[in-house]
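This report refers to the structure that appears directly beneath it.
Note that the chains are named A, B, C and D in the order they appear, and that numbering of residues resets to 1 at the start of each chain.
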Amino acid sequence: MSISISVQAGTFDVGVEYAGLREGNVADGATAIFVGSVRDFNLDQSVAQLELEHYPGMTEKVLEDIAGRAQQRWQLGRVRLVHRVGPLLPGDDIVFVGACAPHRQAALDACAYMIDFLKTEAPFWKKEYGRDGVRWVDAREGDREALKKW
Amino acid sequence: MSISISVQAGTFDVGVEYAGLREGNVADGATAIFVGSVRDFNLDQSVAQLELEHYPGMTEKVLEDIAGRAQQRWQLGRVRLVHRVGPLLPGDDIVFVGACAPHRQAALDACAYMIDFLKTEAPFWKKEYGRDGVRWVDAREGDREALKKW
Amino acid sequence: MIRVLFFAGLREQLGCADVSVPAGSGTTLAGLRAQLGERDATWQRALADENVQMALNRQMAKSDSIVRDGDEVAFFPPVTGG
Amino acid sequence: MIRVLFFAGLREQLGCADVSVPAGSGTTLAGLRAQLGERDATWQRALADENVQMALNRQMAKSDSIVRDGDEVAFFPPVTGG
């Protein structure tokens, strides 16, 4: 039932994050993980670099709130959210969402729920430095749509 | 669009498996992973050890078939399935399901789909060595139910 | 000949991991299963269990599948992997 | 005083990351937003964008939320993390 949140400039190691979710944890048979990475293109503009801005203080609060709601909705064990900020390159990992649970459906649903709400509630903004210039990434209508299933 | 399957006695390393899904892969922004581990109890019988039997030859074929169906249904990049066989202890990882995709919903859905079908189609059988003796684990009705959503 | 494999709890019940039986003409999986059940009361009871599943040449198969010379058949309890 | 923060594209449009404004009595977020829009045409246009979202004390908030002395308010475009 523990929640762990990190907002950090440095990268994260999926193996280390997984180990943190599992160590000494024999009650939870299921772990679901989602990792988001920088793609090399977004809506046809080739992306050379990304800059992730955030709202320090609010970011952590929103992530804890999302994780807390997931824990109220499903029977979960450990939950871990990591989000990077600052400059990122194509292929770099941006976000880690991990949830342990006694049963797989809870872990999988909670993982999908948390990334869906993170995408629309957590105060992060992506700026793309591409071949065709610099631009702020537009919010996707599909991200709002995705919330309807919860 | 590649599928990689392993059925093995040794453990797997989630960090290494993740790296294999991601290396040189900048087209897929999303990776979903499910890992199943041995719980220390199952239906109230404390479990000291587990033995996983399988049907060599058929196992690999079924896993490839499940991964192939997922790739037909969703737009996926790399897919990786690892399943252990032989003796296992509480806390040990049993199964790794990983899927990359350009978009998160495809990766998350494919991951859930593959573990759901693996649970009902792949010829593995668990034998529990517990405080109260040895027994073959019964199939869960819920696992059949879970297929209805696909 | 048809190679027949048994797995997990069913293998233990029968005390047998595999047998080879002559290929009859036009035998179905159901026919083969009935034929194996005639061995003795233990085989009869074990193979009569409606939960027992069947594979033909390493693919899940149904009772009316035709079994041919050289085929590999398997009987086993519902799977419990993952 | 009320501290007001701006983020991402909105911050760049305004050329301003934060301002402090005196707390009026009974001001709502909508009222504060209208008041800030009176600064000049750029602020007017930027803050009139209906996509602009608001947070009050680091929680997403609606236009009718009451803003009090010492509060922290933020305006920003729809979020695009993850």
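Quick note on the criterion: a contact is a pair of C-beta atoms (placed from the backbone, for glycine too) under 8 Å apart; a residue touches a chain by one contact, two chains touch by 3 or more.
Keep in mind that what you see is a predicted model, and the values were worked out from it rather than measured.
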Chain located farthest away, centre of chain A as origin (C-alpha): C
Interchain centroid distance [CA atoms averaged], chain A/chain D, Å: 26
Whole-Å gap between the CA centroids of chain C and chain D: 72
Averaged-CA centre spacing for the pair chain C and chain A, given as whole angstrom: 48
Chain C, residues touching no fewer than two other chains: 82
For chain B, residues that touch 2 or more chains besides their own: 36, 104, 115
Contacting chain pairs - touch in the sense defined above: A-B, A-D, B-C
Touch list for chain C against partner chain B, complex: 5, 7-9, 51, 55, 58-60, 74, 76-82
Touching residues (chain side chain B, partner chain A) in the complex: 13-16, 18-19, 22, 24-40, 90-91, 93, 102, 104-105, 107-108, 111-112, 115, 146
Contact footprint of chain C on chain B as seen in their complex: 36, 52-55, 57-58, 61-62, 83, 94-95, 115, 118-127, 136-140
